[in-house]
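Supplied in structure tokens, the structure appears directly below.
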Amino acid sequence: MMSEPLLFIENLHKSFGKLEVLKGVDLTMNASDVVSIIGSSGSGKTTMLRCVNLLEEFHEGRILIDGEEIGYTLKNGKRQRLPKAQIARHRALTGMVFQTFNLFPHLTALKNVTLGLIKVRKMKKDEAAEVARHWLSRVGLLDRQDHYPGQLSGGQQQRVAIARAIAMNPKLMLFDEVTSALDPELVNEVLNVIKDLASDGMTMLIVTHEMRFAFDVSTKVIFMNEGRIGEQGPPAELFNNPKSKRLAEFIQNSTF
Amino acid sequence: MDVAQFLHEFWIARGAIWDGFQMTVAISALSIFFGTLLGLFVGLALVYAWLPVRFVVRIYVDFIRGTPVFVLVLASFYILSVIGIQLTAFQAGILAITAFCSTHVGEMVRGALAAIPRGQSEAAMAIGLTFRQTFQSVLMPQALRQILPTWVNAATEMVKASTLLSVIGVAELLLATQQVISRNFLSLEFYFLAGFIYFLIDFSIERLGRFVEKKLAYC
Amino acid sequence: MDYRLNFDAVWRSFDLLLSGLALGLGLAIVSIFIGSLIGLIAAFAMLSKNKLWRGIAVAYVTAIRNTPILVLIFFTFFALPQLGVRLGKIESFVFTLTIYSGAYLTEVFRGGLIAIPPGLREAGLAVGLTEWGAQRWVIIPVMIRNVLPALSNNFISLFKDTSLAAAIAVPELTFYARQINVNSFRVIESWTVASLMYVFACYIIAAGLRLVERKLAIP
């Protein structure tokens, strides 16, 4: 029996007003796949992740996670966005890590991780703290559990943000340029955490400008170009034999 | 509410209300004028004065600002006469609001002067300007420009504070309204009318403040 | 001038003055709590996409902020009974002060909400919180901490505004000061002591609130 793909995106369209940003994106991911999305600024990478996390509404197309369509339903033949509670439940199927960390500034590292566990997963405080400590230790920050975001470096904040997302036990992790806001010397500590999760078999969709990292970690790389998937394939193939001129140029202008 | 009755009573009371309105404007304008004048000195003293003087002015400012305006008005009204200064209620009230206004303006001036980077006066002195020249041509123009919008808005505070004089018997708009109400018992209508007139005054001043702010932002 | 200071009458009634001070504080505390609730709701209304809510919130804030509080106090106490709303003087005053502070706090909260980066809400949503959950557990707590200094200032000016309750004979500090003044003719003494009590109370409240601010500040 063929298993369901973990993520299935079909004909995804998204516009901001008149500006069409996603012009029909299709993507299939299986469990434990690590897919990197590369592409120039403004090509729609962030928007695509945000659609999968339901932070954006989209006008056409379907997104299925583990066989379940998220965000929308057909009612009397009409496409309708689901009620907020449903959206929140679907959103929790994926974990999102943002470029700007977006940690809750008024909570310690530990509480940043436990908030969702307690309020969404309805865990007991002790239980949530235990889960949180497990993940903080996985990202190497157990000793910082009582620090506030303002007391952590950018790299440490981003690692807490990863722990916060993954502690919710999502089926799919989304990373949006998570090292772009970091000082160069802090980039690797974050990338190593992600690699570590990949080797665990976590399914991940990663937008990144770190080509070396994309090359190393991905099972598949996607090149986004003007709201469409320009090219996709295994990293070695895509980076070594780009088919289109656009991708060749893009790779040439990127640093490894 | 009977509109015809209200209009009738309003017609009867129009003179009294107009007098009250004029009184309100007079109280506000005089307090703002004297308060601003005094406030400029207060602000300068807070920044430049000899330390003991600065200390005394600071106590004055904190004391006035820590005391409710209503208490200032009542104290001014009751105290001045027993220490032999014979002022009318009108004058005593204006004195209190002037003091209130002066501390506001003083703090504004102090804040504005403090916000000008030190380097500017150093640069001015370096090209040979005296302190007086530096102050007149570099510091004060900038400070005044910065406080202008805030100052216009402080004016609305003075208009609101002028209502407190009704309690010491100055027939400004609020007391005039109460006197009208005591004759015709239309409290709802006439309090509403008074509130509306105050609203118009304050709202116009506030708009003026925004306008001034915008004008200043462009040049 | 022939006036000898004699504080006996004031000291004899010092208990009353203290009880008046305590009542004023109590009135301010109750008002700022309920006012904060109103302010929070109105701030969200102001930022909502719904034109009607936005209109109501803007009208409320604009009307209250441009009307003198004494007019509001009299309106509630003397005019509302004409509509069948009959409140005791303390209830009436608290009602007015609450509505009044709500309007000012709306502006404070609105500013605080605008200043929160949108990513924070999205991070809350991303961990699976509902819209309300993100507001309740992330946005509002962060915003409140950020606006604490403004809240403190509002509380202090609200406390000073409780002096106006004397105008409808609520027995707070200003009321007793005036009573002592009238009964004993110790004019200077009663007003000086009352004024100093306000000033010190403000100092102490400010210092206390600064401690709270420091304790709750986001590191």
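Residue numbering begins at 1 within each chain, and the chains themselves are lettered A, B and C in the order written.
Definition applied: a contact is a pair of C-beta atoms (placed from the backbone, for glycine too) under 8 Å apart; a residue touches a chain by one contact, two chains touch by 3 or more.
Because the structure is predicted, anything quoted here is derived from the model rather than measured.
Fewest steps needed to get from subunit B to subunit C, stepping only to touching chains, is 1. Using CA-based centroids throughout, the chain positioned farthest away from subunit C is A. When each chain is reduced to the mean of its CA atoms, the one lying nearest the mean of all protein CA atoms is C. Averaged C-alpha coordinates give centres for subunit B and subunit C that are 21 Å from one another. Between the CA-based centres of subunit A and subunit C the separation comes to 46 Å, rounded to the whole angstrom.
Distance from the subunit A centre to the subunit B centre is 57 Å, each centre being the mean of its Cα atoms. Those residues of subunit C lying in contact with subunit B across their complex are 1, 3, 62-63, 65-72, 74-75, 78-80, 82-83, 160-164, 166-167, 174, 177-178, 181, 185, 187-188, 191-192, 194-195, 198-200, 202-203.
Across the interface of their complex, subunit A is touched by residues 117, 119-120, 122-131, 133, 137-138, 141-142, 145, 218-219 of subunit C.
Residues of subunit A that touch subunit C in their complex: 53, 55, 84-85, 88-89, 91-92, 95-96, 98, 100, 102-106, 115-116, 119-121, 148, 150-151, 161, 164-165, 168. Per the touch definition, subunit B reaches subunit C in the complex via residues 62-63, 66-72, 74-75, 78-79, 82-84, 156, 159-164, 166-167, 174, 178, 181, 187-188, 191-192, 194-195, 198-199, 202-203, 206.
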